[in-house]
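Next up: the structures, one after another.
You will see two complexes here that share subunit A, one where it goes with subunit B and one where it goes with subunit C.
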Partner chain A sequence: MSFLFRRLGFYLLAFWASITLNFLLPRLMPGDPVTRMLSRSQQRLEPQQVDALRTMMGVDGGPLIPEYFSYLGRILTGDFGMSISRFPTPVAEVIASQLPWTLLLGITSLVIAVILGNLLGILAAWRRGGFLDSVAPPLLVFIGSFPYFWLAMGALYIFGINMGVAPMRHAFSVGLVPGFNLEFILDVAAHLFLPALTIVLVSLGGWMLGMRNTMIATNSEDYILMAEAKGLRPHRIMLNYAARNAMLPSVTSMGMSIGFIVGGALLTEVVFAYPGVGYQLLAAVQGLDYPLMQGMFLTITAAVLIANFLVDLVYVRLDPRVRKG
Partner chain B sequence: MIVKYLRRAHLAVAATAVVGALALTGCVASNPGGTEADGATTSSAFLTIPREDMGTFSRNFNPFSPNAAPMTGQSIYESMLVYNPAGGDTVPWLATDWEAGSDGKSLTFTLRQGVKFSDGTELTSKDVKLSVELQKELLGGYDYLKSIKTPDKTTVEFTFKKAFAPALYELGQQVIVPAHIWSKFDKPGNEENPTPVGTGPYTEIANFQAQSFDLQKNPNYWQPEKQKLGGIRMLAFAGNDGANLAAISGDVDWTQTYMPDIQTTYVDKDPEHRHYWFPTTGSEINWQLNTTKEEFSDVRVRKALSMAVDREQAVKVGMSDYTVPADCTGLSGNYDQWRDASVVEKCDWTKRDLEGAKKLLDEAGYKENAQGQRTTPDGKPFTFDISVGSSSTDWLSVANIIAQNLQDVGIKATVDSPDWAAVTAAYETGEFDTGIVWTANAPTPYQYYLNLMGSENVKPVGKQTFDNYHRFSDKKADDLLNKFVATGDEGEQKQVINDLQSLYSELAPVVPLFPGPEWGAYTTENFVGWPTEENPYATLSNRAPTTVLVLTNLEPAK
Partner chain C sequence: MSQITTDSLTLIPEDSAAESAADRARLGATRLLRTLLRNGKAVAGLSIILVFIALALLAPVFFPGDPARITSAGAAAPSLEHWLGTTTKGQDVLGLTLWGARSSLFVGFAAGILSTVIGVLIGLSGAYFGRGLDEALSLVTNVFLLVPGLPLLVILAAFMPPGLGTVIVVLVITGWAGSARVMRSQAMSIRGKDYVAAAQVSGERPLRIMVREILPNMASVVMTTLLGCIIGSIGAQAGLEFLGLGDVNTLSWGTNLFWATSDGSLMLGQWWIFVPSGLAIALVAFALALCNYAVDEITNPRLRRPKHATKSTAATTVARKEEK
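Moving on, here comes the complex of A and B:
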C-alpha cells in the first residue's frame, strides 16, 4: 500500500512539473498567436486589426507570473478557455469533438498490436529457431521499418484505389448520420480497417521482438528448468511461468503507448483524412494557440500519468517483488 | 514533445511528394463498390468541395471570427457588392447602386428591394449599419469612418473623416448580418453562431460532423432561380494529399488545392470533364531587400540584383509554370486594368541581364575581387541571407534559384529556411537581410503601393510592423498616395496609379518575382457553368468574395 502512495505522490509532482512546462514552453516560441494568424492569412487580415484581434482573443500578453497562477486556477476548475486557432470555440469542445475518433483508432490498433505481438513473441521464443521464429521477426521488422506514410499510402493505393474494397477517407461515409445502428457501426468498422491495419503492421514488430527477447532470457532461468523437471504441462510453463515474467517490460511500454494515444496519429490522419486530434495539435503548435496546446498537452500528460499508474497497479498484481520494494 | 510533433510535420511534407508520385502512376478510380458510393443517390445534387487546411471542422459560423467554418462569408452571408479580380468588374449584389459624394468624403449605398434573411425577415439599412459597426469594434479597421446614417430602409450613408477612395470596396464587400439577431448578443465576437441566419443562397446547416457538413438552400433567397445546386457539401482533410486524392478519384467537384503537374495528375484522367484555370490574380510575390541595410538602400544594387534573377527559370522550375514572370510595375494580374503599358514597354530591370547587373554593381562600388567575388565599398565580401518559410516548398526552390543566379554576378547568397513563424517574426522587426514575401491584394493598387513605398507603416528596426517589412518609403510616393485617396474621379485615379507605376519602376523598392496564381480546378461531370478564361465572371477560388458568383451560376449537368 505504501508503495502505491509513494507512486501517487510522485505522479502529483510529475503532473505539476508537466503543467508548468506546458505553460512555459509555448511562450518561449517566437511570435504571438495574432501575428502568426496574420502572417498565415497572407494579407487577408489587415495589420490595423492586430490590436483589435488581441483584445478579442485575450492575448494581450500580461505579465507571466499572474498569468501562470490564473492558468493553474483554470486547470483545477477544468476551464481551458477558448481556442485561438479555432476562436471562439472553447478548447474543451475542440478536444471533445475529435478525441473519440482518436481513441477509437488508437485503442483498437494498440490492443490488436499488443495482443498479437506478444502472442507471436511468446510462441517464437518457445519454439526458438522454429519456423515462426525465423520468419516472423525479420519480416515484421522489415515492414515496421518502412516510413509509416509510405506504407499507409501503399495500403490506400492497393486496397482503396486499385481494388476499391476499402473506403479512402474519413471515419464514416459522408452523408451518413451517426447513430447506434448496425449500418453505422459496420460503416465505422470498414473505415477503421485500413488505418488500424497500417498502425498495427508498423508496430507489431516492436512488440513481438521485445516479447521474444525477454522470453528467451526467461526461458533459460532455473525455475523454468525446475518446472519442466516437475513435469508440468509445457503449455502451463510457457504462459504461467515464462510469459508472466517476461511480460513486465511489455506492460510498461503498453502503459506509455496508451498515454500517447490521445496525442493522435498525425500521419494516419493526414493519409486517411481520419478526424482526430493529431492534425489539430500540429495546427495548434504552428498557430501558437496557447490555450489549445495547453489543453491538449494536459490531456496527454494526464493520460500518460493515469496509464502509468494503472500499469503500476498491474505490476503489483504481476510481480510480487514490487509490493515489498 | 513539441519537437516530436514538429518533426512529424516534416514527414507530412515528405508525404506530399509521395502522393504526387502515386498520383502520377495513374491511380484514377471510379471507386467500384466503395462505401463512399452509398451516399450517391442523395449526394449527386451536392456540390462537393474539400478543405485541405482543416483536419476537422468546428461549428463556428461567426463571420467576424478569423477562423469561421468554410462558406460562412461565401454562401451564408453576402455583401453589398462583389469585386471580381478575374474580370476586373464590380457586381452589384445586396446593393443595387452606390454614389460617392463630390468631395470623396461620403458614400451612399442603395439596398436591393425584397432581399430577405433566411428566417424571413427583410434586409434593411440597419443591418448594414450594425455589420460595419461590429466589424470595426471586433476586428478593427474602418478608421476613416465618421458616421453611418440610415435615412430610410434601403439607404445607407457613410461619411468619412477624410476622403478615402478604397472605402467603396472595403465597405461594399463587408458581409451583412441580421441586426435583429446580432444586436442581442452580449459578446458577438465570442459567439459561435451554430445556426446562422444570412441572406446567402445556401444557409441551412445539415448533418454537421467533424469531418464534413452540408449546406442546404436558403428558403427565402432573393434569387431563387439561381439556387440550382441541391446543396453544398464540405469535406475536411488534414493536408493536400487527401484532398488531391479525392479530386483525382472524382469524389469532389471543385478544388483549389495545390497539385503538382495538374495536367497529368488530374485533367488527363478525364479530359472531357476536368479543367483547371490559374489566373495570375493572386498576390504579387516579391523578393524584398531590407532597405535599412547600407547595401540595399542603393537603388542601383536593388536593380542589379533584380537583373541577375532568372524569372523564367524561377517560374518554370519553382512554380511548375503555373504563373508568369513579373514586370517592372510590380502589379499582379489582379490589377491588369490599371497597368500602364508605357511603363511596361520601358522595363529594363526585371529581365535577366547579367552584363547590365555587373555594370550597375561596378558603378555602385561593389567591385569584383581577385576571386571573382563582389565586395562592398568597404572591402568586405558582399553576402547575405534569403529568408523563406520551410513549409513553402515552391518558394523555397525559387529562393534557391535566385541564390544560384546571384553566383553568376559574383554574389554569395545563402537560403535560410526556418519555420514561417520565425521568418515573419524577423520580417516584422526588420532583423533580416532579404526574403520572399507576399503582398496586399485589394481591388485597387492603393494598398499595394502604400505597403511597398508609403511611409505609413515604416517602423525603425527592432519595432514591429505588419507591412512594409523592407522599410522603404519615398516622399513623392506619399504625395501620390494621398492624392489617390482624396479623389473619387476614376480618370484622375488612373493617372495617379500610372505615376505610381513609373515611380515604382524608377525606385525598385522591392524585387518583384511573379504574380501568385489563383488555383482552381473543377469537373463538369455533375455541374456546369464554371468561370473560365473566356468567361471570367469570377475566379475559381472557393473561399473568396467571388465564390458566391460561382455558387449562383452553377447548374446540374444534363
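Moving on, here comes the complex of A and C:
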C-alpha cells in the first residue's frame, strides 16, 4: 500500500511541476506571445479579452507570486482560458471534445501492441534461433525506425489513395449520427484501423525485443530447469513460469512508453485528420494558439500520469514483493 | 561469482589498483571497438551512417547553389533529369533530401551527444555521491521521464524563438532524462566494486574516480545510450518540424515532410515528394539501431544468435544433462 501512496505522491509532484513549467514558460521567454498571437488572430478579440490573455501569459508585468497562486487555482478548477484558433470556445471544452478520440486510438493501439509484442517475444525466446526469432526482430526494428507519421503517410497513400479501401480522414463517415449501434461502431472501427495499425507496427518491435531479451535471461534460471525436471508441460513452463517472471520489466517499461505512444498518436492523427487532440494541436501550432497548446500539454500529462498509476496497480497485482515491501 | 573473483585477483598483484582499473577499461574499450568491426550488424550499421554523412558533406558538390530554388515545372515525376522528381513548387527532391541530411544529421547528433553528456553527468554524480543529491537528481530525472515528450517539445518550441539552436536545446531538455536513468543504475552497480573503494582509500578526488574509474567501465552502456539518444533526437526533430515548429526556412528531412503535407502532395498521389526524406530518417535510425544491437550482443553473450536453431523436438535442458 505504501508503494502506491509513494507513487501517487510522485505523480502529483510531476503534475505540479508541469503546471509550474506551463506558468513560467511564457514569462521567462523573450518576446511577447500575446502580440504574436494577436497578429495571427486578425483582431477578433475584444480589448478585455486581450487584457485577460496578457494576465494569463504574464506579459503585463504583474507580481509573480500572487499570479502563480491564482494560476494554480484556475488550472485546478479546469479553467485553461479561451482558445484563439477556435474562438470563443474555452480551451477545456475544445480538449474535452477531442480527448475521447485520442484515448480510443492510443489505448487500442497500446493494448494491441503490448499483447502482440509480448506474445511474439515469448515465442521467439522459447524457440531460440527459430524462424520467428531470426526473421521478426530485424524486420520489426526496421519498421520501428520509421517516424510514426511517415509510416502513416505511406499507409494512407497505399490503402487510402491508391487502393481506396480505407477511409482517408475523420473518425467516422460524414452524415452518420453517433450512437451506440452496430453501423456506427463498425464505421468507427474502419476509420480506426489504419491509424492504429501504423502505431502498432512502429511500436511492436520494441515490445517484442524487450520481452525476448528478458525471457532469454529467465529461461536459464534454475526454477525453469526445476519445472522441466518435474515434468511439467512445456506450454505451462513457458507461460506460467518463464513469461510471468519475464513480464515485470515489460510492465515497468509500459508506464514509460505511454508518453511515447501518445506522441506517436498525436502525429498519426495529424496525417489521418483524425479528430483527436493531435489534429487540433496542428491547428493550435499554426494559429499560435498558446492557451490551447498549454491546455493540451497539461491534459495529456495528466492522462499519462493517470495511465502510469494504473500500470502501478497492475504491477502490484503481478509482483507480490512490492505488496509486502 | 566469476566477477568477484577476477576483481579481487587483479587487485592483489598490481601496485596501484586504480591505474590497473583504468588500464583494464581502456583495453576493454579498444577490444569492444575491434569486436564491433567483426560484427555483421555493426559493420552494416556503420556503413549506412558513413554513406549518409558523406552524402550530407558532398551535397554542395552534387547540388551547388540554393537547393530550394525552382528548377522545373511543379510536381514532375522522377526522370533522368530529376532522379527523384520535383516538388509541387518545382524544387529538385534529391537535392532537398541531400541538403536536408546536413541539418537533420547535425541536429540529431548534436542533441543526442548533449543529452548523453548531461545524462552521464547527472547519473554519475547521483550514483557517486548518493544520499540527498541522489534523491534530488533522481526525482528530477523521473519527473522529466514521465512528462510526455511531444507535448512538452511543442510548448517549449512554440515559446522559444525559432531556429536550429532552439530545436537542439528543446530536444536536449526532453531527451536527457532517459540516459540519466540508465547511467545512474549502471554507475550504482560499479560504485560498489572493490576498485572504486580502493581508489577512494588511496585518496583520489571524486571527479577523478568518476571519470577515470567508473566511466570507462560503463563504456558500452554509454555507447548504447548515445545511439538511442541520437535515434530519439532525429525522430523527435522530424516530428517537431513536421508540425511546423522547427525553422521552416532550414532545409531538413522534417521540413521537407512538412512542406510535402502542407502542399498536399500526399493527397495528390505524388509519392516521390514524401518518400525520400522519410526513408532517409528510417535508414539512419535503423543503422543506429543495428549498431545498438551489435553492442548489446557483444556485451551480453546470451543474446548472441545460437549457431543452431532450437527445434521443438530438441532435447530439453534436463534431457541433455541426463545424457551426460
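The rule is simple: the second predicted complex is superposed on the first by the 261 of 325 C-alpha atoms of A that agree within 3 Å, B and C clash if a C-alpha of one lies under 4 Å from a C-alpha of the other, contacts with A are read in each partner's own complex, and residues count from 1 in each chain.
The rule is short, and it goes like this: a residue touches a chain if its C-beta (ideal position, glycine included) is under 8 Å from a C-beta of that chain, and two chains touch if they have at least 3 such contacts.
Fair warning: this is a prediction, and the values are worked out from it, not measured in the lab.
By the touch criterion defined above, A:Ala229 reaches subunit C but does not reach subunit B.
Shared-chain residue A:Ala17: touches subunit C; no touch with subunit B. Residue contacts after overlaying the shared chain place A:Phe87 against subunit B, while subunit C stays out of touching range.
By the touch criterion defined above, A:Leu53 reaches subunit B but does not reach subunit C. After overlaying the two complexes on the shared chain, residue contacts for A:Met37 are found with subunit B alone; subunit C is out of touch.
Look at A:Gly179: by the touch rule set out above, it reaches neither subunit B nor subunit C.
Of the two partner chains placed around the shared chain by superposition, subunit B and subunit C are both touched by A:Leu267. Applying the stated contact rule after C-alpha superposition, one finds that A:Pro63 touches neither subunit B nor subunit C.
Legend: residue contacts after superposition of the two complexes on their common chain; A:Gly78 is shown touching neither subunit B nor subunit C.
Overlap of the subunit B and subunit C contact sets on subunit A: residues 25-26, 29-31, 147-150, 153, 156-157, 161-162, 263, 266-267, 270-271, 281-282, 285-286, 288, 297, 300.
The touching residues of subunit A, when paired with subunit C in their complex, are 10-11, 13-14, 17-18, 22, 25-26, 29-31, 33, 127-130, 133-134, 141-142, 144-151, 153-154, 156-157, 161-162, 213, 216-217, 220, 224-225, 228-229, 234, 256, 258-260, 262-263, 266-267, 270-271, 281-282, 285-286, 288, 290, 293-294, 296-297, 300-301, 304-305, 308.
Those residues of subunit A that touch subunit B in the complex are listed here as 25-26, 29-31, 35-43, 45-53, 56, 82, 85-89, 93-94, 97-98, 101, 147-150, 153, 156-157, 160-162, 164-178, 187, 190-191, 263, 266-267, 269-273, 275-276, 278-283, 285-286, 288, 297, 300. Chain contact summary for the complex, subunit B toward subunit A: residues 1-2, 5-6, 8-9, 11-12, 14-15, 18-19, 22, 27, 29-36, 38-39, 42-43, 55-56, 58-60, 62, 65-67, 137-141, 143, 189-192, 207, 209-212, 214, 233, 235-239, 241-243, 245-246, 249, 251, 283, 419-422, 424-425, 427-428, 438-441, 457, 464-467. Of all residues in subunit C, those touching subunit A in their complex are 139, 142-143, 145-152, 154-156, 158-161, 231, 235, 238-239, 242-245, 257, 261, 266-267, 269, 271, 274-275, 277-278, 281-283, 285-286, 289-290, 293, 302-303, 305-312, 316-318.
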